[in-house]
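Paired with subunit B in one complex and with subunit C in the other, subunit A is shared by the two complexes that follow.
The block that comes next holds the complex of A and B.
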C-alpha cells in the first residue's frame, strides 16, 4: 500500500518550528546555566530536539535528522550530568537551532541553503562532543537500512529455545514462526519434553522448544530479524546447512555501509546552489515566523467560555419564545415586563458572546516579545555593548492581526535603541552610568488603548544633529520647533542620523517605515527623549479593530458616533462660557481651562437645528495630543458599533475614521477625534 | 481488524501513524503522552499499543511498566518507537515489558510490516 507522507509534512514543519522556538526561549533563560535547577528545562529542550530528529527522516528530511543527532547527543550528555551546560555550549546550541531552522525553511521553500555554515556548526558540535573523555565518538549516525540483494537459495537450521518468561513481554513464538514462514519453506519440529505435569504447569510460562529448517532466499540477518525482539529471552542457534559456513552476515554489513555512503552523498540538499547571505537567511527566518497567519491557537478556556455563552443564549431564546406563545388577549403588563427582562438578558448574552468571539483573535503579546531576548543578546554582542532587557506585561492580549504586524516595527525600534541609543560600556562609565544599559519594553492597557513602550537609558536624541540633518536633507522644519516636533523629524522619509550606516540598523528601513507600519494598524508613535538619559518610544494601538464603544450624537439630520474612550465629559454650555479668541476661533471655558470649540455642523457643512449655544451640547473629547469640545445638537445613546471601513466602501474623509450601520439600518459616520482636535 | 493505541507527543508523527493504520483498516486511538495513554488504555482495551519513548509527563518506558501491571495488558503487544542509537533504551524497554520496537525514521510500509509481526 502506498501512503504519501507529504500530507503530514506541513504538520511536521509547524511542529518543528514550534519546537525550535521552545528550544531557543529555554536556552535564552539564564536559569538554564544553573545546574541545580535546570533539569526540567534541559529535558524540554532535549525532547524538542529528539522529536525533530525522530520525525525528520520519516517525513523525508533525513539530513535534518542527521544534523540534529549531534545536537541531541550533546543535550543528552548535559541532561544525564556527563557535562555541564557552559556558556559556550549554550551559544553553540543556539547556533544549531538556527541551522536546523534554516534547513527546514530551505527544504520547505526549495530555497538555497548555506551549507558551509551548517558544516561549520556540525563540526563545532562534533568537536565539543569529542572533547570529552571516553564515550562513543560523535560522528553522526548514518542510517543503515539493509538493502542487500536477496541471496541465492539457502537452508538454515534454527534452534529456538525461549525462556519461560517469553510471554511476559507480549511476544508469542507462534508469531515468530509465522514471520519465518514468510521467508521460505519452513519445517517445524516442536520439542515438548520440558512440559511439566498439568498440576505443575504455569499457564503464563513457555515450556516448548523448536528446531526449524528454513529453505528459501533468506540472509542470516533476515532470519535473525525474526528473533530481534526476543534475543534476550531465548537461546538461539542459527546455522547454514546448505553450504560450507559462508559468512553472509559480513557481506550484508559491507553492503549496508555502501548504501549509507550513498545516502551521505546526497544529504546536504542543493549543495552548489547560490549562497545566500546571512541577512537573507535572517529575513527568511523572520518571514517564516509570520507564515503561520492561516491558523490560530486558542486556549481551551476561551472555547469553553464560548460554549457556555451559546448555552445561555439558547436559554434566553427559549424564555422569549415562551412569552411569545402567550395569546394576544392574555398579554398584560406582567408579560411585557418579562419580555423586557428577556430582551435585556439577550442583549447581555449577545454582548458577552461578541466579546468572547473577539477574544478568540486575541493572543498575548508575548508572541512578539519572546523573540526579543535573542535579538537583544545577538545585537549587544555584535556591537560590543552590554544590555539588560526588561520585559513587562507579556500577557497583554492583542488582536492576532495587529500582533503580527507589530513584530517588524518593534524589532526595528529595539535595533535602533541598542545601535544608536545605548552607549558602549566605557562611554557609559564615563557618563557616570552603569556599564550595562537597560532596555525596557512594556505593554499595558491604557483606557481603550494598548500602549507599548520601548525605553532605553542611553544617550538620548541629539536635537542639534537632527536639525542639522533635516536642513541638509531639505526637510520641512517648523519655526522654533518644540522637542517633540524635532523628534518626529526622525520619522520623516529619507532621514537617517547614524554617522555610518551600520550592519544593524542601516538596512534601508528607517523610522519612517516604522511609523507607516504602526499607522497601518491604526496606531500612533510618540517619541520622548532626554539628552543623556535616554529615549522612550511609545506605540499606542486601539484595543480591537472591529468593534467600538461609541456615543451617538445628532447634528442636523445626521448621526455621528464619538468613540467612548475619547469622551471626557458632556455638558450643556452657557453663553458666558464661550469666548472667541483671535486666531484660535471659539473656545469653551471649562472650569478655567480653555478648550477649542469645534462645531460639527461647521466642519461637515450641515445645517444645525440649534440657533443658540445654550441649546446644544458640548462633548469634551481628548486625543493623545490635545483636547476639544465638539458642539452637537443632541446626545442620543451609547452603543457598541461594528466598524466598517469608509475607505474601502467610499473614500477617505478628513475627520471621519469609519462608518457603521445603526439598528434602524441607517449609516452613521464615526468621528476621528485625533483629527478633529488638531483642526484647531 | 485490530484496535490500536498510538502514543506520541509529536502530532505529525501521530497523524502519520494513525492515518497509515486506519488506511490498513485498523481502529486507532491517539494519545499525546503516557498519562493520557494510560487513561485511554484503562477505559478501552487495545489490541496493540505503539508508543514513543521520550514524552512529557510520562515517558514510553514508564507507560509500558504501568500497562504490564494491568491484567488486561499482561500479554498485549506493546511496541516502542525508538531512534537507531538508543540501544540502551531498547533494553530498558524490554526490561519494562515492551514486546518490540520500531526504529525511527520509518515509513508507512515499515510500520505496517512491523505490526503484522505482532498482530499475527
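The block that comes next holds the complex of A and C.
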C-alpha cells in the first residue's frame, strides 16, 4: 500500500498547534525582552517555528511553510544576536503565530481564510527584516512577490507512464490521480495499449499509462508532489500548456498558493473591521474546537504504569488460581489465609488499576490556563488597563471532559474581571492602589474537589447597583438579601450591570451562562466580593465526571446515593425540631435556622419503614441556591460510585441525576440534590 | 407461468422474516428477531421513582443501566405474576437497550410478508400504530408487533418526548 500521508496530517496539526501554543506562551513571558537571559526561550520558539515550517511542506501545507519561513528568518536573526527582540517584534511575532494558526485551522476545516490579514502580517515581517542593513535579498523578494501577486490559473499536461513494477513497491496510481484531482479540474486519459491478453496478464504488474490534463491554480511543485513516492518507478513528463512564461520561482508559487486558498473561500475576504473582529472570534472558537477531537495525549509514564499494574493483576490471578486448584480435603487454615491474602492483593490491584485508568483521562489544567496570558494581555491593552496575571497550580490535574468545558466559563470570568473588576490606572491611583491590577487564578485540590479561584483586586461588586438593576429588570429578590444572595443575582439570566456595553463583556449573557456551564459539569460557582477590594469567584468541581463520592442511604427497600460534596451534616432529628408550615410542608430547626424538610419517601412515593420522625435520619444538603434536610430511613455507607447515565437507554427522571451499580450488582439511583432542594 | 411463480417465490423468500415468539397471558406475540439482543431470566429490578406502573425499573446488564418494561401491565393483561418462567427479552432498538418482561419465550419462526395479515381494529387495548399485523403459524395466531414504534411511542414513556422526535 502506498503511504497515505493524510493519516499523519492530524498528528501534524496537533503538533503544530502545540508548537504554536508554546511559541505564544514563551513570547508572552516578559523575561523574553531581556536579551541577557532570553537565549533558551528564543531557541524554543525558533525550534517550534522551524519544525512547523519543515513538516508543513511535507504534508502539503506549502503556504504555511512559506509564511513561517519569514518568521523563522526573523527569529534566527534575533537568536544570533543580529537584532534585539523589541516590543514591536514581539507583537509582530504574536500576530504571526495567530496567522499560522488561522492557516492551519482553515486547512483543517476547509474554512475560508482572511488572506489580507496574512498578507499584511507577511509584509510587516518582511519590512522588519528589510529594516536592517545588508538585507537586500529580503527586500527584493518582497518586491517580486508584490509583482506576481495576481492569481495564476495554470494548465498542466502530465504524461505518467509507471513502470510495470509500480505495484510491487506498494504504490497505487489511483491515489495519485485522486490527489491531483484535488488540485483542480483533471481530465484523465488512460492508455491501455500495453495491456496483454487476459491469459498472459500478470495481475501484479502495471500495464497502464495515463495522460492527464490539470487545470487549476496548481504549481509545478504541487503537481510533482503527487508523484513524490513514485519518481523512480515511472517516466514522468510535466509540461505547462497555458501561455504565460513558466515562472517557477518560489515567490510565484507562494502567490499561487495564496490564491488557491482564496479560491477555497466561500466569500471574499473583507477589510471591514467588524468582520475582522468576527473572524477573530471564529478563530478562537475554531481553535477551541480542536480540543474536542476526541483524542487524548497521554504521558508515556502513565501507560507504563498501566502495563505494570496489569502485570501485577495477572500475577494475583495466577496466585488465586493455584490456591483454587487445591483439593477440597487438603484445604486448611493455611490455604484459607493464602486465599485471603490473594484476595487482598487483588483488591489492591483493582483499586490501583482503577485509579491509573482514571488518571489517563486527567490532564493538567495548564491546558486552559496557558491561553489566559494572551487573553489578559490583549484585553488589558484594548481597555487601557494594566493587569498583572498570576497563575497558580497549573499542574493540577482534571478530567479531560471537565477541562474542555471549563475553557469558556473561565475565559468569560477573566474577561469580566478585567472589564468590570479592575479599574483604569488613574482610578486605581486615586483609590490608593497600585496602578496595575492583579488578577490571580489559582487551581488546587481541596478534599474531593478541584477549586479554581479567579480573584481580582478591583472595585468589587456594587450591592446597591445590583439591587437597583435587579429591580429594574423585574428579577425575584428575596427580602433583606444577604450579600451572597445579592452576588448570586448577577448569575440570573438577562442581568448585566455594565454601564456601557463593551465589546468584551456586558451583553447580558454573561454570568448566567458561566453558571450554567459550570453546573453542566457538576460544579458550583461561589461569588465573594468586598467593595473597593475586589471580587473572588470560586468554581468547585468534582475531580472526575465518572466517579463520585457518595453516601448511600436507604428509603424503604430502595437505596439512593447522595453526593458527598452536597452533604453538610447528618443528624437524628427530635420530634420538637420539626415544625409544620401549613400548606408548605415541614421545616427542621437546625440550631436556630429553619431548613425545609424533604421526605424522600413522600417525594418519590415510596413506602417508608419509619413512622416516627425520631426513627429516621436527616441528611442536610446544600445546593447552589438552597439548603434542605433530606429525610431518609437509614445511612448505610460512604463509598465511591461510578456514575452511569440513565438517559442512555431511558430518560431523565426528575430528582435523579444518574445511576450506579453497587457492590452486589444492584442498581442504585443518584439523587439530584439541586432539584430536590427546589422540590419542597 | 411456472417461471413467474418461481420468481414470486424467490421474492417472498427474500422478504422472509424471523420472528421471536413470546407469550403474554394467552396470546402469542412475535417480534423481529433482529431487534433481540438476548433473553434473560427475570431478576429483581431497582425501581425508578415517579414512573408509570408498567416501567418496572432498571437492571444492571454487565455495567449498562437498562430499563425494564412489563408489557403485560401495559397491555392490561389480567394476572401479572413473576415466576421461574418469566423472562426478560433484551431489545436493541433505536440505539437503545431496553428490556421487556413477558410470560414465556416459545419459539422462533420464519414468515413471509404474505403471511402477515392486517389486524382488525382492537379498540383501545392495543394501539394500531405498533401492530404490524397478524400471522398464522401452525394454526396459531401470532400478533406481530412493530417493536420500534412500540418502544418510541410516547405512551410507553420510555423516551423523552423531545428526543423521540
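Keep in mind that, in the parts below, the second predicted complex is superposed on the first by the 396 of 680 C-alpha atoms of A that agree within 3 Å, B and C clash if a C-alpha of one lies under 4 Å from a C-alpha of the other, contacts with A are read in each partner's own complex, and residues count from 1 in each chain.
Quick note on the criterion: contacts are C-beta pairs under 8 Å (C-beta built on N, C-alpha and C of every residue); 3 or more make two chains touch, one makes a residue touch a chain.
Values in this document were obtained by computation on a predicted structure and should not be read as measured data.
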Which of subunit B and subunit C A:669 touches, first, second, both or neither: second
Which of subunit B and subunit C A:12 touches, first, second, both or neither: first
First (subunit B), second (subunit C), both or neither touched by A:558: second
Dominant contact partner of subunit A by residue count, subunit C or subunit B: B
Subunit B versus subunit C as contact partner of A:46, first or second or both or neither: first
Which of subunit B and subunit C A:82 touches, first, second, both or neither: neither
Touching partner for A:62 - first (subunit B), second (subunit C), both, neither: first
Touched partner set for A:530, first subunit B, second subunit C, both or neither: neither
List of subunit B residues in touch with subunit A within their complex: 9-13, 15-16, 19-20, 23-24, 52, 54-56, 68, 74-78, 81, 83-85, 91, 94, 97-101, 104-109, 112, 117-118, 120
Footprint of subunit A on subunit C - complex, ascending: 44-51, 57-60, 63-67, 96-98, 157-160, 163
Residue ranges of subunit A touching subunit B (in the complex, touch as defined): 1, 3, 5, 7-9, 11-12, 14-15, 44, 46-47, 50-51, 53-59, 62, 65, 69, 73, 141, 143-144, 167-172, 174-175, 178-179, 204, 228-229, 232-233
Sites on subunit A touched by subunit C in the complex: 558, 603-606, 644-656, 659, 661, 665-669
